[in-house]
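Letters are used for the chains, namely A, B, C and D, taken in the order the chains are written, and counting of residues starts over at 1 for each.
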Amino acid sequence: MSYSRIVELEGHIIDSGMMGRCFGVIMDMDGWFSVEEFDIGTRRHEESYARMRVSAESIETLGEILHQLNQNGATLEDPIDAQVEPAPADKVVPAGFYSTTNHPTEIRYQGEWLSVDHIEMDCAVVVEPAPADERSSADEGHDANEPSAYTKTLNAIEKGDLVVLGEAGIRVHPPERPRSSEGSFGFMQGGVSSERPSTAQIGNVADAIEETKSRGGKVVCVPGPAVIHSGARNDLARLVRGGYVDAISAGNGFAVHDLERDLYGTSLGMDVETMKHPRKGHKHHIYTISEIIRAGGIEAAVEEGIVDDGIMYECVENDVPYVLAGSIRDDGPLPDTITDSIEAQNAIREQVRDADLVLMLATLLHSVAVGNCLPSTTRVVCVDINPATVTQLLDRGSAQAIGMVTDIGTFVPLLADDLLEG
Amino acid sequence: MSYSRIVELEGHIIDSGMMGRCFGVIMDMDGWFSVEEFDIGTRRHEESYARMRVSAESIETLGEILHQLNQNGATLEDPIDAQVEPAPADKVVPAGFYSTTNHPTEIRYQGEWLSVDHIEMDCAVVVEPAPADERSSADEGHDANEPSAYTKTLNAIEKGDLVVLGEAGIRVHPPERPRSSEGSFGFMQGGVSSERPSTAQIGNVADAIEETKSRGGKVVCVPGPAVIHSGARNDLARLVRGGYVDAISAGNGFAVHDLERDLYGTSLGMDVETMKHPRKGHKHHIYTISEIIRAGGIEAAVEEGIVDDGIMYECVENDVPYVLAGSIRDDGPLPDTITDSIEAQNAIREQVRDADLVLMLATLLHSVAVGNCLPSTTRVVCVDINPATVTQLLDRGSAQAIGMVTDIGTFVPLLADDLLEG
Amino acid sequence: MSYSRIVELEGHIIDSGMMGRCFGVIMDMDGWFSVEEFDIGTRRHEESYARMRVSAESIETLGEILHQLNQNGATLEDPIDAQVEPAPADKVVPAGFYSTTNHPTEIRYQGEWLSVDHIEMDCAVVVEPAPADERSSADEGHDANEPSAYTKTLNAIEKGDLVVLGEAGIRVHPPERPRSSEGSFGFMQGGVSSERPSTAQIGNVADAIEETKSRGGKVVCVPGPAVIHSGARNDLARLVRGGYVDAISAGNGFAVHDLERDLYGTSLGMDVETMKHPRKGHKHHIYTISEIIRAGGIEAAVEEGIVDDGIMYECVENDVPYVLAGSIRDDGPLPDTITDSIEAQNAIREQVRDADLVLMLATLLHSVAVGNCLPSTTRVVCVDINPATVTQLLDRGSAQAIGMVTDIGTFVPLLADDLLEG
Amino acid sequence: MSYSRIVELEGHIIDSGMMGRCFGVIMDMDGWFSVEEFDIGTRRHEESYARMRVSAESIETLGEILHQLNQNGATLEDPIDAQVEPAPADKVVPAGFYSTTNHPTEIRYQGEWLSVDHIEMDCAVVVEPAPADERSSADEGHDANEPSAYTKTLNAIEKGDLVVLGEAGIRVHPPERPRSSEGSFGFMQGGVSSERPSTAQIGNVADAIEETKSRGGKVVCVPGPAVIHSGARNDLARLVRGGYVDAISAGNGFAVHDLERDLYGTSLGMDVETMKHPRKGHKHHIYTISEIIRAGGIEAAVEEGIVDDGIMYECVENDVPYVLAGSIRDDGPLPDTITDSIEAQNAIREQVRDADLVLMLATLLHSVAVGNCLPSTTRVVCVDINPATVTQLLDRGSAQAIGMVTDIGTFVPLLADDLLEG
């Protein structure tokens, strides 16, 4: 048993993305369709037309699909009137009222399409049967003897206003995305946002890591120094020890901060737990480098027992390979750091080519360098507190990406808890 | 005279946007097409297939169109081999070499499609005729007796490497945009950026204002206090005087800062030209409010000659109406400020309903309030130094928008010069 | 038993802050001092001079104090030579080497003060006994027959270089803070940073709340809508239920998002747990407002059982008073929202005047409004992911403030765990 | 002729900075002082006391100095009553009313110090002669028979309220800066802000460059790729040609973008003037590198006439030396790029050691690298649109710094106009 209805699309329906969105709506909502007519405009400025039969297994599903198609600019071939009901009291709309978008809208009333005046978002639509009041007719030049429709905010609703309900008999005209070559005004789309549910997103990242590991995949972590400064060092060390990280791609600074924490209990001279700066703390950074140079490198320092804790330690102990790429802002550097940028790129390339999931944690430079070597098919998770960094990293056409604007100092602990204790 | 070729699209070509992009490419480049076969997948997970004839008026244009279609995932029905040429020296590629994307890529060599190993962005493709060298065959499991192809960075090119040229015989597989309902990894798109050519963008805004005014349109300006602090007050005043602003929608703080500048020469107590803080400067803000209250309002203060300069002054003198909407962070407020938020919204609504172009200048609160009242057909220009503000304001589906991440203190002077002197 | 030494300060030691810093160093490190001579420059450009005896209970403490004084520009009255030791190998410095600041520095060698050439941060100082090598003498015009001193980075150290150790015989000249009126170049100081240890900082906030509550103090919470969008709603509700919040000062939007979550399970139309957007989800916001208007307000909606969960619910159930201040960007608003900004300010004023600790959570507008009503003696905790917001809120001279740049969606859960489970 | 008055300071006047600020106020305002008594607390938690005679050449200047000292916590030895005057009408305060800070405040009335109740910023102080009204007495436990004082916002003033005027008889207690070791709440200070008068700041930078050049000084410019993307290339080229830049320290990317603009008219594939993306524009970046490699380097490319425009061109033509430091995110790189980070650091070190003024333009990596090599005495100008970058770069104790949060695409053109046409 199935139900169906004919809908039409008109205009720049292909290159504006309208057709794609409509087909997507139908399929996402478990409906299906057959295209009955399809005239494609084949040159610029030519419009297209499509008529299709939309079907679903229940009348309710079909109704919801039609509502969504309508919000995306499709129209029913054979429309019915919009339903209206008087407001029961001032400021109170009838249940199920239609809430507007900010797109040009028409409602069908007594067999005619009325354009909704003063369209704006999140309003009710009130129908004024003929004769219309003076105000709206004056405003928009309606014939005073004809019915009209206009928006009202909830607090402006008066008892008895005829308010439009439901979804039938309403036609919305979303703007068409202009061609990029048609001038300076563009159709803008927003970027990443920090206003996403944080712990739910962290759960998704944990799931992706679990899923990658369970099928034998390779997880590469690209951490910046902020991981250490923000107090997340032990948690990343736990993840390395727990087998969730197969390789680390970082810089000289990251390793020095990690090792400083082990040798002196500080990060850039600050005790990460008490947040105090011990006297001479500012020298710990350069002293750490000096100690590791003296030992001959990180692995030697671990073997000599000089380093017995932290992320680099866990890498050595658990045979997790790391690349430390040099940069012109480095102190030292450590003997392990590859100072030539071409050699460093080749090392990164070797390391990430077969990666299945790359975790970029609060470093722009290293994340860009790693991203440059990745095919677009590799999954990427990019975490930074600066939305611009997340945007820049994700703006490279990776097919599969999670971008998260959050605090690395809370992200890594919560991720480690989720994977190791969850 | 025209030239044509058959191309094919396969996969989720509609809801991934691939088809729309391909049609767009053809039409943007002054080609045309006819669809010869079109099988649309009508349920989720079903793939579609389209075959079309692409035409153009010159063989060069057709070649460029085919290249772009290829980069977007279309393939020639009837492919030819890719062209190769040996590198003339170490690190030197032949002119016209093919530079890779990061998408899975194949090149056609001796009648066969070879998958390009180690795909990454901005590399050359090198073909290894049979027998392949051990390294690439070991890596990817090729038969050592077959030819292979792989990426090389420019600095890794060795004299004699067979480098792929041109655009023929190359097949690129861009990722399909996953459905939103198919898991947490999304297809991310970047947001606004500050890395756009600033003076060229300002020129575009000026053109849009000129164009709006020349056809009798209405320009509404929504300025924040930063316009005053950043030293752009005189330039906005010039624009009001010059007739480029038909209404101002702002807050109490904006007006007080503008008036303080007139009464005391300071903005929040700082002399905007010398950047010094005169003693007692911090009191000027509250003293200004007190003076205007005493006069009975801004218009009265202008008439009494207390105020004789600035944006509010130009509004009064040039009959440019303004709405000052109150907020809980206001000092005072001025007698002109509408303290009730519902009344203020209604005043804004009245003011912007027939706007043709809205200039939002460095204020989030007032821009959102104004944006809430606008239909999606109104042109919007949004300028702020904070990319997140620009993103948030443009993320509301306005059909026609310019977003610009720049310094309001340099934007307004350059815009005023462009419009008034340009 | 105590040990003491005479130190001297010279220059603009008072208004540059040098004297204050030196006194602070001594007292922080449990030393004490007596001022033996003090000539204060009493007009601009006059320099001051102070000589004082610095004391401590151990020779080690005295040594550390003297080192710190030295780093802050004080000099020993009676200096000794700096200690030097040859480097044991290339790139290896002797243990305890002196690591430079970027301030002009002298070292005492054979009874003379040598200026250290090429001063830069985080280097070793190498002494070249007479005769100096050609390079440094050519560079800086030293007499080739005199000893010289210059910086070397760690990787440039050669075996046998005479490296300066310890802290004695070293004189550092930190820059004096120029007067604000002396031109456009200022002494810049950095602002808040996200690179602080996050969980340790959250622990501090929890301690401050515990401490406030344990002495009967009042905690006022100022939450923004991001608390709901970021998934932290249940955690803030837990804190209200647990008695850690004595009053809430928020806006219409915050309450609507909280109530939408209860009525429809979404926040701005998105399911905060699954991150999916149910069809019609975008209408939940306006429908929620409509439901609460119909019920007559939040308290009535709780009593009728329409609302049975969330932050506003816990406020009603636990008699935690709330102020909802209106704004021009509100939808609705709810009947509980105070739409007049003067009335709303008065309500906030009444609410926060006797507050002991104010928690500002991811809202600029409401935090500024609340901050305007607070005396400088009230403790303030300000949390936002945007450093500019935190800076702006803390830039008001509150005597007692914690500013934290972090993700509200991880901050509130971790804070609630710390207070309720810790 | 001079006028003087005795003032007193009490509390943690040295390490809180109070004394330094007071001395600074006197000297900045052209007064002078002699310290008559000075008891310094010599251990932690001990308070200090200072009594001094403050003098000025006019009674007005003395009055202003005393007012400022008072705002900073000093008190007159021999106080007089505050002046009060009744408000002439509702909401209208008498001219010259005292506007509050948010610090605890007392006013002297009838010979007694009254604490001002409900202190908050930007209010008037109203004195209630005995008997006080019930409300304030109930609130704060005053004896109903005693006079009291409290704050009122301007809009709450009622006709006849006794409003405090002027500056005499008022005592303000600013918070003392707590020692860093005394717990987690700190005295926060704001960072850089974009809300500064932009064109005035650019004028200051131009003055500093002029001044440096006029005394034969060396200006080093550290530009990032955003200089090119944002359309400022020709303006920086003008400055090089005009002799305002003595050396350039940049990266491979900067040079490639500059050269791409010359060879193909695009920057990262976009035409910077029309903002269009020509077909194949995305390949221009890698093609440019290939061309320069083929020519053998930038200088060779200029000599061959391949490059005849732009910043690198002007450097070659005007013998302005440049260092291009490599990084792991580079494409290519160009033959001129130093790929080893140690070698690159040494080249930078050589280049900037004798710099007098360093212009850091929209690049974090290169600015940090250059900053690491600078003594604290070098003047630094740092321009970036991201406040966090400016804060980080200035947070290194440079004695002489201008930080500016602005758009590099408008900054460089305006700077070039100022220097070359101004």
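The definition used in the following text is that contacts are C-beta pairs under 8 Å (C-beta built on N, C-alpha and C of every residue); 3 or more make two chains touch, one makes a residue touch a chain.
Keep in mind that what you see is a predicted model, and the values were worked out from it rather than measured.
Q: Which of the two pairs, B-D or A-D, is linked by more C-beta contacts?
A: Pair with more contacting C-beta pairs, B-D versus A-D: B-D.
Q: By mean C-alpha coordinates, which chain is most distant from chain A?
A: D
Q: In whole angstrom, what separates the CA-based centres of chain B and chain D?
A: Measuring from centre to centre gives 30 Å for this pair.
Q: List the centre-to-centre spacing of chain A and chain D in whole Å, with centres computed as mean CA coordinates.
A: Measuring from centre to centre gives 35 Å for this pair.
Q: When you check chain D against every other chain, which residues touch at least two of them?
A: 122, 153, 155, 180-181, 184, 201, 204, 275, 331, 333, 342, 345, 372, 388
Q: In their complex, what parts of chain C are in touch with chain B?
A: 180-181, 184, 275-277, 325-331, 333, 339-342, 344-345, 348, 365-366, 368-369, 372, 386, 388
Q: Can you name the residues of chain B that touch chain D in the complex?
A: Answer in residue numbers: 29, 64, 67-68, 91-93, 97, 99, 122, 153-155, 194-202, 204, 225-226, 229-232, 267, 270, 272-275, 279-280, 283, 285-287, 289-290, 293-294, 331-333, 385, 405-411, 413-414.
Q: Which residues of chain C touch chain D once you look at their complex with the stated criterion?
A: Going by the criterion above, the answer is residues 14-17, 19-21, 23-24, 27-28, 30, 32-35, 38, 40, 42-44, 101-104, 118-122, 153, 155, 174-181, 184-193, 201, 204-205, 207-208, 342, 345, 349, 353, 372-377, 379, 387-388, 391-392, 394-403.
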